[in-house]
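These are the structures, in structure tokens.
Here chain A shows up in two complexes: once beside chain B, once beside chain C.
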Partner chain A sequence: MNMSGLSFNALPPIDLPFRFFLTAPLFIIACALLVLFSGETLWLSRWQPNMLALTHGFTLGFLTMVMMGALLQLLPVIGGVGIAKPRFIATTSHVLYCAGVVALMFSFVFAHQWLTLAALILLSLGFGLYLSAIIGVLIKKISQGDSINGFRLAIISLVILLLLGVLLLANRVGISVSFITLDKHLTDIHALMGLVGWAGLLIIAVSFQVIPMFHVAPSMPKYIKQYLAGSIFILLMLYIFYAEFALALIFISHGVFAVTLFYVIKQRKRKVPDTSIKYWQLAAATLLLLNVLYFLPEYFYHSEETPLFMPLPDKGMLLTAIFIYFYLLSVIQGMLLKILPFLSYTHLQQRCLIDFSAMQFIPHMHDFLNKKQGVALYYMHIISGLSLVAVIFEPSLYVVFALFLLIEFVWLLFLMLRCMRLYFSVSKKINLSNNT
Partner chain B sequence: MELVVVDVSELAPPEPMTVILTALADLKQGCCLLVTHRRQPFPLYEKLVQAGWAYHCQVHDDDNISLFIFKQAEQLVFEQCFDGKTFHSA
Partner chain C sequence: MSSIPEYMTAKHRECDEFFSEAESAVADKNWPLALAKWQMFASELTEHLAQEEDVLFPQFEQATGMTAGPTQVMRMEHQQMRALVQSLDNALAAKEKDEYLGLSETLMVMMQQHNMKEEMMLYPMMAQHLSDGDQLIEGFKSSEVA
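Let's turn to the complex of A and B:
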């Protein structure tokens, strides 16, 4: 039994995570415009400059942006310790990071050396500042070991991914390192470290906490909590030397995670309809579908008499697009639907400890983001995801995808702004009541 | 010191906090709130201290904790009454 206290930090001010959340949809809106103006050629290969801008807009501009904001909140909630000097770290790293991602996207599109150099410097500074603060917390001995260990592995993956990214960018401005060959395998490692290591491991680690917490579900099985994230990380290392073997096991590991997700979600005590749960189920179903698609024999993709698919130029692109859109993005959106109203409500509620009468001003949590609006976002997400799959098969449909993407993320931005506006109006009422 | 017990272990956020706040608002002088929860409400701790409350947490398991909340002025009374005793709800 542990009866000792830890050193605690309260939640960082709400505007710090929210600035990361609010800027994230703006990058996807920019991506939608990029798709709209790039035309069909964008979809010819993953090496198209505009495709590189698009993938980095999605992964850095949206996914990483939201995850950076969420980690600021999750560390104090899960581990009991937050970062030091949160306002300085969050504000500075956010500005540098945003500018860095914009510079990176422009550097891919316009191929100017000074843009690449700017991206290199801004992203290194932004990430460097943010990561030094997060690593400062994660090297401490803090509670909730399994999730925190998952966070540690995700952060190590992010550091590896960034180092590879810096090497690749440096190569574009003429700085090369003689002992590393910058080939397709290296960019594959870079991509896998980002998608499976950084984003995937963080999602797995977060799921250990948030599914039992938000949905009153049982804890994940102990062996999953203890070994899954570590196993996937080892497989990522193995991928460097035995790519095909490791990749197959990475898919299977995610299949195991998907089955666990379905099991735990089914066991939850209060089976109230919940859009976040739908997002988790969609994500789990996606992981199972990806296993099927990955292990299907090659002739299903290339045979002219194929019973299932039209000829596909790039199986990797299809699987990656589905993984990003229907797995990573689904979980992140589902989490946003949960944490936006929860954070707003909790920050206001904690102020009532000083003055209990202030509770009268706090609206119901669903007023911050009502259920119907969340359900609408879920269906928009499915439609735009399906249009993404369609455009990979038939690039001439790019306008349809761009428009659905635009609608979905303008809607998400609107929901976020509405939630924030309500938070500040209630906060103002509480301030006024305290002053009178 | 009299114990007022609330069990929030089967409630979804933010209900645990609502229940705790309501119980604290109604807590009479000389009473201590005992909260049974699945996890430590870390961010609450600093706010409790700022608002003049003291707390003491017993972690029984990964998903079972007992949290005592009382007025800082009553720290001595709490220690005399409950120090060394465990409150395992499971």
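Let's turn to the complex of A and C:
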């Protein structure tokens, strides 16, 4: 066990995680505008240039952005040490990363060589800087437990998906490599590594810790904690060679995870109403629904007489959209509802430890993030998610989806700004109190 | 291998249970039950923090020579928790439900991120570095009975 540099604290300055959180909804707002101006043709296939911009706006602009901010915060808790030079690393990688995602989205829409090149360079630098700092912490064997292994596998998946992404982008600017063919299968691996490996494994690892602890529930069954993340990772590797077989097992593994989630949540002792728990339940229900949809015989999707479904152009698109919107986004929003107010609180409180009298100024978590406003976000999320499903069946409904998306994420941005504003006004009061 | 992680982790869970019961009672506005459960939580917490600060932390610091590291941060977080417990005492006395629930949510998150650090890192380290860990825990258990 290497204990050098161990601090348990190294809580990064609050503006570092918050800059990641605050920029994330802006990318979805941009996505909503993209949906609005792209029209019906956007929904024809996942290969539409604007659709590629949209998926990367969601996954890189929002999901990965929030996860990068949250990891800065989580590392001292799960790994015992924060990253070295947090201000330099977080600020620089954030700027490079934001510019990179913008360039990437524009490069899909406008297909300019120099935009693609810019995206390639900016994203490589941004991710490279951030990841080298995070990996530096994760390779130290300080922490015990199954979560930390899940984190490591998630980061490995991220590295793999990024390498594939770099190859795909490089190919667009005319740099090709001979040892690998860039076909549909490769982009499938790239997408699956991102959605199931990076985002999915991180969520699974977080759930092992967060649900039993915050909701006073029994811990997840031992074999789930020990083997689930590893099995999914192995299935992702297997997917490279036996795609259909591995994919079916990946769906089933997530079904098992969903059942475990429901079971643990049901057994929880802390039953005060909690929007984060609602988000987890929504996420678990989504995984079960996805299993049903995946294993439904093909004729349900294509037969003319089917009573269940209207003809569906692309089953993959439907399943992916539901996975991203109702599973990944749900969990991330549920986490944000806890992280935002807690960070605000704990940073302010730490500054009062020298002068306890200033403690009276600090609002509690529900003041930073009003509970009812959190519940409102949850319902907005369900409505906009349903409108996303509707638009996949009936592309002419795109305006409805764009508007709901816009409303939900402007609301999320508002909640974040409100929390930050309260933070700064209290911070000012503490300063005044410390100076007198 | 001593039983420090096992015993101290079990204490965390025990505190959590009293805490949730008090919180549910407040949500139902059952103030007498809330007070009873809250007091059980508060006395468990006080005892647990004392066991760490008076016995385990000094022993760990002596065994490893790390006085400015993890234990110092843990002590600071204990102070943060004590401040919240104080505010919760007041909210309970004034029967302010929303105030209590906002504060209890805050204490819950504060405690759990603290517990994670102890359970995932500090306790296993203590088990490794304190050769008399078992005796220390036996001491805790016997004072509990008394």
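The working rule: the second predicted complex is superposed on the first by the 426 of 436 C-alpha atoms of A that agree within 3 Å, B and C clash if a C-alpha of one lies under 4 Å from a C-alpha of the other, contacts with A are read in each partner's own complex, and residues count from 1 in each chain.
Methods note: a residue touches a chain if its C-beta (ideal position, glycine included) is under 8 Å from a C-beta of that chain, and two chains touch if they have at least 3 such contacts.
In this text, all values refer to a predicted model and were calculated from it rather than measured experimentally.
Overlap between chain B and chain C is detected when the two structures are superposed via chain A. When the two complexes are overlaid on their common chain A, residue A:His366 makes contact with chain C while staying clear of chain B. Judged by the touch definition given at the top, the superposed model places A:Ser132 against neither chain B nor chain C. When the shared chain is aligned, chain C comes close enough to touch A:Lys271, but chain B does not.
Once the two complexes are laid over each other on the shared chain, residue contacts for A:Ile354 go to chain B alone; chain C is not touched. In the superposition on chain A, A:Thr41 contacts neither chain B nor chain C. Of the two partner chains placed by the overlay, chain B and chain C both lie in contact with A:Gly80. In the superposition on chain A, A:Thr181 makes contact with neither chain B nor chain C.
Residues 1, 3, 6, 8-9, 76-78, 80, 143, 209, 213-214, 216, 269-270, 342, 345-346, 349-350, 352-353, 356, 359, 365 of chain A are contacted both by chain B in one complex and by chain C in the other. Interface residues of chain A facing chain C in the complex, by the touch rule stated above, are 1, 3, 6-9, 76-78, 80, 142-145, 147-148, 209, 213-214, 216, 269-273, 338, 341-342, 345-346, 349-350, 352-353, 356, 359, 363-367.
Those residues of chain A lying in contact with chain B across their complex are 1-3, 5-6, 8-11, 76-80, 143, 209, 212-216, 219, 269-270, 342, 345-346, 349-350, 352-354, 356, 359, 365.
Taken together, the chain C residues at the contact with chain A in this complex read 13, 16-17, 19-21, 23-24, 27, 64, 66, 69-70, 73-74, 76, 79-80, 83, 87, 98-99, 101-106, 108-110, 112-113, 115-117, 120-122, 124-125, 128. Considering their complex, residues 10-14, 17-18, 21, 24-25, 38-40, 42-48, 50-51, 53, 56-60, 62-63, 86 of chain B touch chain A.
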